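Next up: the structures, one after another.
In what comes next, chain A is part of two complexes: it sits with chain B in the first one and with chain C in the second one.
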Partner chain A sequence: MTNLLDDYALSSPLRYQNNWLKLAIVAFGLFAGVSSTSFPPLFFMSFCMAFATVYLGKTPPKLYLKLLLAPLGFAGIGALVLVFFMGSGQELYSFSLLGYPLNIRADGLALALLVLARAVNGMCCLYFLALTTPMIELFAVLKASRLPDSLIELSMLIYRYIFVFLDTALSIKYAQTVRLGYGNFKKSFNSFTMLASTLFIRSWEQGERLFVAMDSRCYYGKMPVFETKRPVKAPEILLTSIYFLITLALVHFKEITTIV
Partner chain B sequence: MHIMEGFLPTPWLLLWFAISIPVLAYGIYKLDRLVSKKREILPLLAVAGAFVFVLSSLKLPSVNGSCSHPTGTGMAAIIFGPAISAVLGTIVLLFQALFLAHGGLTTLGANVFSMGIAGPVVAYLIYKAGMKAKLNFFLVVFLAATLGDWTTYVVTSLELALAFSGSTAEFLILFEKFATVFAVTQVPIAIMEGAVTALLFKYVINVKSDILVELKVVEAAVVNKIKGVSL
Partner chain C sequence: MIILETRGLTYSYPDGTLAVQDLNLKIEKGKKVAFVGKNGSGKSTLFLLLNGTLKPKKGEVLFHAQPFKYSSKALRKIRKSIGIIFQNSEDQIFAPTVYQDVAFGPTNLDLPKEKVQALADRALEQVGLSHLKNKPPHHLSGGQKKRVAIAGVMAMEPEVIILDEPLANLDPVGADEIMDLLNEFNHFGSTLIISTHDVDLAYRWADYVYLMSNSKLIGKGTPEEVFRDMELLKEGNLRQPSTLEIYHEIARRGLARGKTLPKTIPELVNTLKPPELMWAELPPGTQEGDSLNLGVLYGDYAQNSPYEAINGRVLHLYPEGKAIVEISRKGFKAGCILIYDTNHYSHSEVLKVINEGEIDFVGAMGKRSKTLAEADGIYLDVSSGVIDRSLLTALCGKRCLILTGGGMVEHALQRIRDYVEKSGIELNVGTVNRNGKGLCWLEGFEKAVEVNQKISL
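Right, the complex of A and B next:
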């Protein structure tokens, strides 16, 4: 739970590429992914994003695989519902569980697989952003995008304090664990509420101190952020456009040859 | 329960963004007004947001052996009201998507609606109604947090069922199925979270009741009654 993706992003070599280019690649992948209705473009995009993250972004491959598998639990539950209860076509397989009939139909299965492929593609795109772009870089983008100041200030302060409180929470948790605070269900319940409430009170006091500290340093509701200029290089544009064109071609190709 | 990246197809994810963004804009407007009136509220909101994030990244022990993450949105709704909870929830959901890969960017609109808007609104309404009816404070907090969580799951099932069904009949069947699957896994977790939230308020009232009174979450009379102080 302390494996924050941000830590890996900070040490990634892709960190020093243009933020807008990376955002454009990710946005393109996400939207092409959710609107595509066939597998080839999804596989192609997932592969490209995974390759870029692991090879160009130097993310440890083992960690990347673990990350990809982690959120699939949710995808699994959702896909199972779709497999069993969707579709009206040909029955592929059916059995009964506790007297309750369960049928797998061809179109339900196809839909579930498509949704799974989309989810994997989405995760690959999201990880490309999360593992190569630290939040600090994104704040500069947010500032340039003219979102309301209060929202950006609030997110910057939250970002800062996440790390402080995570540290506090972990040390409390270790202290509780070595005192057998998580020995059984009742104890863990008690320990958890104690941890949560102590954390709340501590963070509140921290917030009061933070206000005094910022006020005495002339905080006027805006923290300036330094944005480095990083021009997009020609090979990057070339590679990105090739990627976009192939994906669009794959999506289009499917539309011509509507097999299913 | 976050809807994962890439799970919702195109028209639906845009619809949920279209619903969430006006509420969020209203939340930001309220936040701006509050901050201009009471400047010290911004750092406090920031630490509350960070607290919700950290809480949601800790694992909560659950009865049926599985582990879950508390959402913490019920608590935010009780303390700050639903409009500001929507803003806090959106920022936390964005960080969760980018740091922990919970949820996603295209599904952010749907997740904000279920976890940042629907759940807190229900929690807040139950809390207000319960306090007006002068029920036991902890019971009200427990009910607000638990039912707020349940609302989140019902709305999530609704979002999923809507996205994958073609007709009304199909929608009803799918909605029932998604809701059943979530109910099995999530109902005990929601009850746990309600209990944790109620206990959390108990500790906070014991140690630092003044902040709750100052934010008009509870009246001083209620605090005195809980502490057993007679004036």
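Right, the complex of A and C next:
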């Protein structure tokens, strides 16, 4: 059995909070992050989101760090490129690599760090959503946002069968491994093709069985949606508004200082 | 009343293989029917024909004496009334959460939202999964998935429930729980049809058995009739149920006798009556074949229960009033089985019954009663196959308490009384807290024992 992000979200205590509130917090974080031009609000938001995910959402800290590190690698490489190739201001440091001159300029460095901070902030916001809101809660949100029914139903079925096929794929892989199917590169290649084609046929058959199963339960185009009333409580509103206000103040404060 | 009937039902797959040939079935309402046959004998195809998923090549299926119509509107009606549960729960559970899956059927029946919710909640409660309603199915165990699948069908309140290999891939206790659940549904009026290759299950559970082999019906009848016929079983690639096999073996060695074939373990135990022969002096005028009352044994002499009546049958007369007599022991007041109705449940009352009634053995039947007992920390000696185990325990002179609710009380009483009638062993049976009478029954029981003691002394 594998542990997916969704499994952590399912066991998170924040799962039982209002979905719209969580979505609003995340959307706010993303917009404020993109429009912020200074570090303080970005750091503040990243910290708040990380705190909420790990402390309130009970995500294992080790896992959280691991999750952050993966995309951080990409963001780091992007920032490195910016450092060397952007900016036109004062030179801070320069050296030549294989006869090619490389300069680090002050505004280039500032831009690179800002992009990095924005990336971290974006990730913290999205992980907050991913680690506290399981897919099954989001279907109700999708439904309420008036997306076409068929799209939602399709996504519900896909969601369900991802796990069925994941199990199937893992057991096929295991069966191949115990018979040394992944001994060297050529064998691995062969085994993997077999796995892929078997999985395709299995999913085709599963589709046919699904049709029969839905038919025998009187399906004619309706899927119930899992909805539970999760009222927003006063402390949550208070906390969220304080968070919003501080962030806005920080963003605004920077604007004032730049104008001055 | 016949609820489901087929006439000359024949079906072949597009490639021409015959899956079902000329089947004539008559399934009565409220019965438990088992289709037994080896793998690939056509049971699954038959089930798809019975709920209108497949259309027969020849012949017809009749529901309430009306032939199936294959328009989509008529089919919806049929499928609402005839629910099918597939062998593999993964095929059946397709919604992202347990609740959504159970609510799927009622939603598609166009019921109002409140009604859908009520039906789904009730079905989940019946199978004991209310606490898992917002879990995704891939977090459930095999037994739980099976119960979700059953709840999904029960939520549509079908008249007939068809289950394809309901116990495949389940552990023994999980399997017993599913069977208990099915018995509960049957008791409340649902007609059940299962397919299985487990002959033991079919033998002890079903009211009526159809034997299938190579897409044909090769035998039908009550379980006793079908499973007695060795030739038939051989033809169907099946073996005899263990209970029956053991019975035949010990009967051949003269260690067991019975008028009817035993189905359950208590019935099997009851056939174990080795004949004992003894010399006896007879009153004048006794004929061969007469029955005699030889008295009552108790204390160390009574083997199975506190008091045993010894009866004898005269086998051979000798001169001077002596004879060879075959004696049989008949325990009476062996033990007792009390039934507690959990619809009027009170924790303190149950504890009082257990203490004052000197109960040695407590069992719970039905999901609701089990949950109640577990929540209140009442230790359950047994939670599956409760009636059988209680009978066996009571036969050893112990006192048993069965916690169960609603209509299941009558069902349990009936089963125990049936046993008493069949075996001739008198057990005390009664409900504890029906009609608000409190514990008066218990007092009555004490009196009955005293009276018996006086008689035997």
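Methods note: the second predicted complex is superposed on the first by the 245 of 260 C-alpha atoms of A that agree within 3 Å, B and C clash if a C-alpha of one lies under 4 Å from a C-alpha of the other, contacts with A are read in each partner's own complex, and residues count from 1 in each chain.
Criterion: contacts are C-beta pairs under 8 Å (C-beta built on N, C-alpha and C of every residue); 3 or more make two chains touch, one makes a residue touch a chain.
If you're wondering where the values come from, they're calculated on a predicted model, not measured in any experiment.
Q: Which partner reaches more residues of chain A, chain B or chain C?
A: For chain A, the partner with the higher number of touched residues is B.
Q: Could you look at A:Tyr55 and tell me whether it touches chain B, chain C, both or neither (first, second, both, neither)?
A: The answer is neither, since A:Tyr55 touches no partner chain.
Q: Is A:Ile136 touching the first partner chain B, the second partner chain C, both, or neither of them?
A: A:Ile136: touches chain C, not chain B.
Q: Going by the contact rule set out at the top, does A:Val81 touch chain B (first), chain C (second), both, or neither?
A: first
Q: Is A:Phe192 touching anything from chain B or chain C once the two structures are fitted on A? First, second, both or neither.
A: first
Q: Just checking: does A:Gly207 make contact with chain B only, chain C only, both, or neither of them? Give me first, second, both or neither.
A: first
Q: Would you sort A:Trp20 into first (chain B), second (chain C), both or neither based on which partner it touches?
A: neither
Q: Determine, under the contact definition given at the top, whether A:Lys173 touches first (chain B), second (chain C), both, or neither.
A: It touches chain B, and chain C stays clear.
Q: Which partner does A:Phe226 contact after superposing on A: first (chain B), second (chain C), both, neither?
A: Only chain C; A:Phe226 stays clear of chain B.
Q: Check whether A:Tyr161 is in contact with chain B, with chain C, with both or with neither, and answer first, second, both or neither.
A: After superposition on chain A, A:Tyr161 lies in contact with both partners, chain B and chain C.
Q: Residues on chain A in contact with chain B in one complex and with chain C in the other?
A: 6, 135, 157, 159-161, 164, 206, 210, 214-215, 221
Q: If we count contacts the way the header does, which residues on chain C are in touch with chain A in the complex?
A: 48, 51, 53, 72, 76, 79-80, 83-84, 86, 88, 90-97, 99-100, 103-105, 107-109, 116, 134-139, 152-153, 156
Q: Provide the residue numbers of chain B that touch chain A in the complex, in ascending order.
A: 1-10, 13, 28, 31-32, 35, 39-40, 42-51, 53-55, 57-61, 63, 70, 87-88, 91-92, 94-95, 97-102, 104-106, 160, 164, 170, 173-174, 177-178, 181, 185, 192, 195-196, 199-200, 202-204, 207-208, 211
Q: Give the list of chain A residues in touch with chain C in this complex.
A: So the residues of chain A touching chain C come out as 6-7, 10, 134-136, 139, 156-157, 159-161, 163-164, 167, 206, 209-210, 212-226, 228.
Q: What residues on chain A touch chain B, complex-wise?
A: 1, 4-6, 26, 30-31, 33-35, 67, 70-71, 74-75, 77-78, 80-82, 84-86, 111, 115, 118-123, 125-127, 129-130, 135, 138, 148, 150-151, 153-155, 157-162, 164-166, 169, 173, 182, 185, 188-189, 192-201, 203-204, 206-208, 210-211, 214-215, 221
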